[in-house]
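Going by the order they are written in, the chains are A, B, C, D, E, F, G, H, I and J; count residues from 1 in each one.
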Amino acid sequence: MLFHVKMDVAIPLDLDPDLRAETLAREKAYSQDLQRQGKWPHIWRVVGQYSNISVFDVESTDELHELLWNLPLFPYMTIEVTPLCPHPSAV
Amino acid sequence: MLFHVKMDVAIPLDLDPDLRAETLAREKAYSQDLQRQGKWPHIWRVVGQYSNISVFDVESTDELHELLWNLPLFPYMTIEVTPLCPHPSAV
Amino acid sequence: MLFHVKMDVAIPLDLDPDLRAETLAREKAYSQDLQRQGKWPHIWRVVGQYSNISVFDVESTDELHELLWNLPLFPYMTIEVTPLCPHPSAV
Amino acid sequence: MLFHVKMDVAIPLDLDPDLRAETLAREKAYSQDLQRQGKWPHIWRVVGQYSNISVFDVESTDELHELLWNLPLFPYMTIEVTPLCPHPSAV
Amino acid sequence: MLFHVKMDVAIPLDLDPDLRAETLAREKAYSQDLQRQGKWPHIWRVVGQYSNISVFDVESTDELHELLWNLPLFPYMTIEVTPLCPHPSAV
Amino acid sequence: MLFHVKMDVAIPLDLDPDLRAETLAREKAYSQDLQRQGKWPHIWRVVGQYSNISVFDVESTDELHELLWNLPLFPYMTIEVTPLCPHPSAV
Amino acid sequence: MLFHVKMDVAIPLDLDPDLRAETLAREKAYSQDLQRQGKWPHIWRVVGQYSNISVFDVESTDELHELLWNLPLFPYMTIEVTPLCPHPSAV
Amino acid sequence: MLFHVKMDVAIPLDLDPDLRAETLAREKAYSQDLQRQGKWPHIWRVVGQYSNISVFDVESTDELHELLWNLPLFPYMTIEVTPLCPHPSAV
Amino acid sequence: MLFHVKMDVAIPLDLDPDLRAETLAREKAYSQDLQRQGKWPHIWRVVGQYSNISVFDVESTDELHELLWNLPLFPYMTIEVTPLCPHPSAV
Amino acid sequence: MLFHVKMDVAIPLDLDPDLRAETLAREKAYSQDLQRQGKWPHIWRVVGQYSNISVFDVESTDELHELLWNLPLFPYMTIEVTPLCPHPSAV
């Protein structure tokens, strides 16, 4: 079941640089793990913004919330979720 | 080069039914032809709306405009284009 | 799996009265059938508006879209879907 | 009498961790007490957001304001209230 | 129990003049009847707009919806309802 | 001459508690003095928000600005003013 | 007493040309009469739009509403009124 | 003196085809004449929209309004004008 | 050449009081000097807001930007500029 | 391939003055280098705002993101990108 997810990142400018670096490293590992499991099949950068547009493939809304809530960058993000379904014209 | 495209469809309620059916058939054929060429790699229906979220893969902004402008449903659509690029965490 | 659905109805003022009455009757029957099946567990009127706020309980986003797309009033509605999940403080 | 309430939580990132934990514990107890009394019959998490959508069942707008104003997280919340009433198609 | 109600009127320019006049007369009678009953204690015109700001005093949200839904101008109005309660500084 | 005034209060979370208490006490006294003079005939709390909706009765826009500008909470408020006039259907 | 008034004009494209011309002529005469009386001291065209920004000088909100409500173009306009007062830095 | 101008075109779907074609031809000739005079130095199509983003180079706001008001498509356009000036980092 | 300028002021609550007073004094002197030169012919306070609506009369957009950029309060302001031109109905 | 880019700058008021000066100097050098390479053919100041409107000429969305992400002022900017293409009426 697919969901379109837009994530806008706004890390405070005065965040401790070590904490920042460590959080970004954890975010990357967390994201790549989910990508490898097939739960996060698409992630693109929005040009000119600290944002991504992603597609998640999950069993339930509950699982999706769990995945998003545990993103290391979650406290610094604004997230918008749009449910998707197959398009009748898709080949 | 990838672009995120959101299309919201608003066909007038009083459009001639035959014209409507014929336009929808042309739209489907047009879309499927571009999907098979690899130019329109993703198309999803937004749940509960007469809208789709798509990703296009084109050589240039000029080509993208050409493809969108010639959509049979173009006169009835509101289209929003967001340029994408690879995400540094993508596997 | 629960989804929050807001439906705003805007039937054209000049719609044929018989078609209007017949569509409203079909909408009511359709809705009540889904409520009895347990797929549409909550429906409330928004005070002062021709709108409802509903909760749907479905197996998938695909099923939800199917249910909404086939609403007899769908052509006259603006629908907004928000995915829900259990709240950790719910008793 | 039912009211739809959307609560968006934005706890400052630099809030003292003990105060944060203690406030969250009080919020949970406060919410569960009202749920058990039947005054807060529904509470759902919005997927991907630190927000909930709730339904309150109260005697008056005055009682509703009293309940919301005394939420331990009230100073950190944006709250939007929508009055509801029975829907004519509800079974 | 008080509710703040904003009503914006948009009567179609091509509405039959007799129907228009008759609807406006019914609206005025309906409004004045509710004012005399004490259910619609305040109604003001917004300067420069075909809009009013009103306060209703009702027993329930259900009664309020009933009153608004039966306004003769309801099909031509956009209505926004805000629940009120006594202010702690009111004398 | 009547004006509709919406005031949204946002006192900084880290304001000195004594200054906060003293400012709120001055605000209450200031408001009640104007209410007793008949210049501030209505003040209601918006349910679930640190906001009020008020009606002022003044001689001029100049007097209204003077009254609002000197509110002890003015530095922490967002204020929106809408001019009113008698409604032709008012009894 | 001064009020800032923004008027956006949207005459239907299919309005009868004679009615259109006659209404525009009446609007011009009405406006110039008020300008000569000193009640409408400023009127400017917004560049690139069928809109004006004006300043009215009236005795009351009631008088202002009367003037605006009787504009021949009123049925085709969206009007926004902002109350003004003298600025402390004005020379 | 430069102005940034965004033009969104919305020709009614039921406009007479001959009038439409004739208006578009006049628009093109009008635009190209101004481009050749150096008054309309830039015009770009916005990808996926019936819109353009342009830069005008004029002597005054009065001249700019004259040029825009006389666009053959003016009755079908929404126009937004933003004044520009040289950037201190421009080479 | 006239421009409509809206300035919203938001001085940080914790700005050093001396710096605040000194900046406000410089702003007043700067504004009054431009008013006396005829470059800033109108300045009004918006009722209930720390905002002004002004009209500037300048030779060019470049001159206008220079005047606004050098306002002592510029770093604390949000400014919106709308180009004006003579209205055909102005007397 | 052309992209329209709007950049709004909001440097924190309490940024260290030396860091501020040094960042602005690097931004200017960076911008002028790209201008000289032909990748940033237009940059204009928006009158009355700490914003610019620019046009970039790049090979790909990927290159554009790279250029924008590395702007020394990127952490203090809000950036909006709109893809452009040749206009059929351009001479």
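In this text, a contact is a pair of C-beta atoms (placed from the backbone, for glycine too) under 8 Å apart; a residue touches a chain by one contact, two chains touch by 3 or more.
Note that the structure is a prediction, hence the values are computed from the model and not measured.
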**Item:** If a chain touches chain F and chain G alike, it appears here
**Value:** E, I
**Asked** Among the other chains, which touch chain C and chain E together?
**Response** D
**Asked** Quick one: which chain's Cα centre is the longest way from chain G's?
**Response** A
**Prompt:** In terms of C-beta pairs in contact, which of I-J and A-B ranks higher?
**Reply:** A-B
**Interchain centroid distance [CA atoms averaged], chain A/chain J, Å** = 27
**Prompt:** CA centre of chain D versus CA centre of chain G: separation in Å?
**Reply:** 46
**Request:** For chain E and chain I, let me know how many angstrom lie between their CA-based centres, rounded off.
**Result:** 40
**Complete:** Where chain E touches two or more other chains simultaneously, the residues are 2-3, 45, 47-48, 61, 64-65, 81, 83-86
**Request:** Spell out all pairs of chains that touch, sorted by label.
**Result:** A-B, A-C, A-D, A-J, B-C, B-H, B-J, C-D, C-E, D-E, D-F, E-F, E-G, F-G, F-I, G-H, G-I, H-I, H-J, I-J
**Item:** Residues of chain E that touch chain C when the two form their complex
**Value:** 3, 5, 12, 61, 64-65, 68-69, 75-76, 79-81
**Fill in**
The chain J residues in contact with chain I across the complex are 13, 45, 47-49
**Message:** Which residues of chain E touch chain F once you look at their complex with the stated criterion?
**Reply:** 2, 4, 27-28, 31-32, 35-36, 42-48, 52-53, 55, 82-91
**Message:** Looking at the complex, which residues from chain H come into contact with chain I?
**Reply:** 1-3, 60-62, 64-65, 81, 83-86
